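Both complexes below contain chain A, partnered by chain B and then by chain C.
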Partner chain A sequence: MYVAVKGGEKAVKHSQRLVTKKRRGDTRVPEISPDQIKHQLGLGLDRVMAEGSLYDETAAAKAIQQAQGDLTEAVFLVRAFRTTLKRFGTSRPVDTTEMTAFRRVSGIYKDIPGGQILGPTYDYTHRLIETGPAPDENGTGPDQPMPSLPDKLPRVMDLLIKQGLISDAPSALSPEPGRETEEDLTRQPLTFPVSRTLRLQALARGDEGFLLGSAYSLQRGFGLDRHPFLGELKVGVATVCFTPPELGFEIRIGRIRLTECVMVSRQDDAHGRAAGFDTGYGLVFGQNERKAMSMSLLDRSLSDTDKNADADTDKAAYPAQDPEFILSHCDSVESSGFVQHLKLPHYVDFQSELVFIRSRGNDQAPTKGEDG
Partner chain B sequence: MTVSYNFAYLDEQSKKMIRRAILKALAIPGFQVPFGGREMPLPYGWGTGGIQLTASVIGPDDQLKVIDQGSDDTVNAISIKHFFQKTAGIAITEDTETATLIQTRHRIPETPLKKGQILVFQVPIPEPLQFIEPKRPQTLKMHGYEEYGSMHVKLYEDIARFGRIATAFDYPVRVHHRYLMSPSPIPKYDNPKLHRSPAVLLFGAGREKRIYAIPPYTDVVSLDFEDYPFELEHWEGACAVCGSTQSFLDEIITDDNGTRVLICSDTEFCRKNAGSSQP
Partner chain C sequence: MQLLAEAEVQDLQKAFEGLEQPVGSTFLIKPETGMVMVQGKADGTGTAFCIGEMTVTRCMVQVMDRIQGYAMVPGSDHDHARLAALFDALLQIPAFHDPLMTTLIRNLETKEDQRRQALARDVADTTVEFFTLTRGE
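So, the complex of A and B:
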């Protein structure tokens, strides 16, 4: 007689033990610490904090270690921790002109007030895997000392607005009063049509790879018919200020690394608007220029669709123009979960399909009866 | 970083929000209520919607049963049971009759449910019209206008091609003669169990952040046509373990030649049935 398979409980326990073992790896190699991850794998840490929507370096470093460096898994760990945290209030919106920028570039003006700051970037390194001893960080620099970093930099966007070149000043810089504190993507479902506040929240925590690929598709003509320009890309440290109700005055609660990006592209005069530049905005935790730039391109293309919706031509021709397509599919925790749930047993549904296929006359193997 | 978790993981505010959504869902049977779904420590697709519902209605005295594919012992059912044992210290049972709360994926137990029991379904895609119209604003309108013709057309196309309706699981139903609803990916064999069930039936979709419900004793009708009535799967043979011909049977491949035996998908029902027929 057939005996049904048992042992799920035991298998799960063994699997968890194996994960722990695998994570530690060869014990002859010293174990790394979250501190090492925090200081030496900073860009990975930034990505986990950004997609995890939680600026907590310790949690992110521990998550990266626990996930064996699988950043999407680390994002998931951070999210599951974040969701249990208490919300104690809303900070004052960060003023990015007061950021201490250690990197700032513009692709549209050769010289901008405050200057271009190249800062630490891989852009002009040659991607050769370094052999031999690590280069001395104090060694082969230029003779002149680095100039000190400015505390305050005007936004390139503001310069364009002053010249009347922006066809519609974006709402992120002049927020809809009262709205930005009410809407929180982590507390409410995403419904369509979606406000810009929620759209930017979704993009800011969206999967870097998905946003990058989608933005790239725009550039290749799947949604953009013109070359966009980088108005400004800035990476720096901003101060977060909060007024606790019991104190009644504002205090500084911390400093966070941010990447801010503004993309501009030409907008011809139409629908009663003057010619000028349209903008897209990106703001991401940590240093993540690829993500901030992709986010700005998508913010722009999705707002185009919103505008056209008023003009009653709301058909998005390409995926990266469709708010529902981009925003419903950009979350790595959601997409990773649903794609991988196919690993779960589907015996019953598969059986239903089998019954249907067999009923279509496709039955070759014998079935044993009750006493088989 | 010290972390302590509330009873059944979710904080009380979140549970209250979810219970409000449940009440709304019960008041409008079959209607998908959007809710502020929380991120859970289990992945989306593993039953986060069902887990949130269970976490919101469970109390210290509840007897929890968790099944996946009808079985109490599949890895995901085990994992979810561990979760509630760990976060709520809850009593676990495999007995359908004594369980007060049952969380399920893809099956309804063969043992009939009773008044007072709650059955929580894990739902991957709550929108029954999703594969006809993927755009949510559009399906909202279709539900609003009770415009379900396209679903009938889909079933009709099956009949035109195969001579019968080809949907084998997640077979669409009308609830209380109004909303079209996905019963979750249960086999259509289980659909009649939804009709006028004395238990409270709750459906949770975590990733899609929607909850819907069927209150007890509600009419639930599987879509069909007068000349092509809704029909159930049937098997040539009986369960190789308990001999039942009255339950959903899984095929098990027993050798390289593809020889198969049939076994009850509901393991608890099968064990009880085998115990009573073969003492």
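So, the complex of A and C:
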């Protein structure tokens, strides 16, 4: 017998009201504004924009506030927001070689042309919670000759290519480098085998925690038998160019923060290839170094599907080498939705489980409250 | 156009209020918020792929019944798009072009220069200078 049950509207309404009250917290404490989040919680904002797959600082800041700082929930809000907007078109692929970098480091060349620019990073902080008032950073130092901004830093990848060290520069093989692509995960389902274009998009909007854990598994021996190296990590501002159809010519519509990463790892001469370095690439919205690095490690491991496949089963040996495993599970909105749907009523499904167990001979007398 | 697109809306509003004569305009495209899909290139130079979208607002106005101005600005501020489109139109009219170039545009350029210089100074201070210690001898 199936009995539809209705109810709980009042409780839901009150719960919504209560979460609003809880979010506001103690009213004696001043309320924060999206502007404060935008300017003072910038890295959280960047993460929400990257995983929300929408570069919109105001929307991300509002989402973080509305989600009480729960970044995954904020990502969900941003994703929902983007579905309400019309798409005007597709930009010209941004040129990261022209981007104005405010941070650029390389783990393989000390004297990299343009220098190692540390920029703003927590890497060299003591990781101690600061007590006392924050130091005043507004004072400027003595007048010095004005340095120029690093606009066109030479790329480490080019240095490696010039020296013939890249064993298979994947992009060099592509038929039309730099042209816009029609492939877009938001307009087509993810099917396997998957192109690198879709793989990079899935990784760029994937959950940072999942990508980080997966990349870590590679490094710990579940997929990488060799130490990877950071070829280059660059954080900067790039210009987005777009040709509005109603205008007919290209205009610059704004600048966005991006993090770009190139990882290299040694590839011995096998499989008919010369010895050299394999590369992996990461590019994400905002300053998201952990994620860009994880993305490039995974881009590499997922591109080697054939090489990594087990001869008998034709399956990747490790999870982080399996495109289907990584790309189908890296989206935070999808994964949190599916895990959290378990909170919804499953009374009838569960009832069927009870019926099954009882049918197997375990038919103790029903106890009170079981049939609800 | 980039300067207008990246300007702070207060600066545009102030310049609008400072215009010597009031300018009437009609919308050809009312301010409308949408998205542009931003693409990157694999390995920085290779095949294109989608990174994610960015929110933009577009607007097209007509002033004096003939001059058209267009703007597409980042974010969802309708006033910003409207004012940027209006100034795009006015800058095409000789009577407005020169005064605007010396006031609004110069102001925006100065602000942009200051931003770049501040960033350049901050960044330059964090560039690593390696030195080698000589040992032995």
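Keep this in mind: the second predicted complex is superposed on the first by the 329 of 372 C-alpha atoms of A that agree within 3 Å, B and C clash if a C-alpha of one lies under 4 Å from a C-alpha of the other, contacts with A are read in each partner's own complex, and residues count from 1 in each chain.
Simple rule for what comes next: a contact is a pair of C-beta atoms (placed from the backbone, for glycine too) under 8 Å apart; a residue touches a chain by one contact, two chains touch by 3 or more.
These numbers were taken from a predicted model, which means no experiment stands behind them.
Trainee: Looking at A:333 after the superposition, I want to know if it touches chain B, chain C, both of them or none. Which is it: first, second, both, neither?
Mentor: The answer is first: A:333 touches chain B but not chain C.
Trainee: Could you figure out whether chain B or chain C reaches more residues of chain A?
Mentor: C
Trainee: Quick check for you: in the superposed arrangement, does A:82 touch first (chain B), second (chain C), both or neither?
Mentor: In the superposition, A:82 touches chain B and chain C alike.
Trainee: After the superposition on A, what does A:58 contact: first (chain B), second (chain C), both or neither?
Mentor: Touch status of A:58: both partners.
Trainee: For A:353, select first, second, both or neither according to whether it touches chain B, chain C, the two together, or no partner.
Mentor: After superposing on A, A:353 lies in contact with chain B but is clear of chain C.
Trainee: In the superposed arrangement, does A:70 touch chain B (first), chain C (second), both or neither?
Mentor: Neither partner.
Trainee: In the superposed arrangement, which partner chain does A:190 touch: chain B (first), chain C (second), both, or neither?
Mentor: Only chain B; A:190 stays clear of chain C.
Trainee: Would you please give the residues of chain A that touch chain B in one complex and also touch chain C in the other complex?
Mentor: In the superposed arrangement, which is not itself an observed complex, chain A uses residues 58-59, 82, 86, 186 for both chain B and chain C.
Trainee: Give every residue of chain A touching chain B within the complex, in rising order.
Mentor: Against chain B, the touching part of chain A is residues 1-4, 6-9, 11-12, 58-59, 62, 76, 79-84, 86, 186-193, 324, 328, 333-334, 336-341, 344-349, 351-356, 359-360, 364-372.
Trainee: Would you mind writing out the residues of chain C in touch with chain A in their complex?
Mentor: Residue positions touching the partner: 1-2, 5-6, 29, 32-56, 58, 60, 70, 72-76, 116-117, 119-128, 130.
Trainee: Show which residues of chain B lie in contact with chain A when the two form their complex.
Mentor: Where chain B meets chain A, its residues are 1, 3, 5, 9, 11, 34-41, 43-46, 48, 68-71, 73-79, 82, 105-107, 124, 135-137, 162, 164, 166, 168-170, 185-189, 207, 209-210, 233, 235-241, 243, 248-252, 254, 257-263, 265, 267, 270.
Trainee: Which bits of chain A are touching chain C when the two form their complex?
Mentor: Where chain A meets chain C, its residues are 49-50, 52-59, 82, 85-97, 100-103, 110-111, 115-120, 140-141, 144, 146-150, 155, 157, 169-172, 174, 176-181, 183-186, 196-198, 200-201, 204-205, 239-240, 242, 244, 246-247, 251-256, 258, 260, 262, 279, 281, 283-285.
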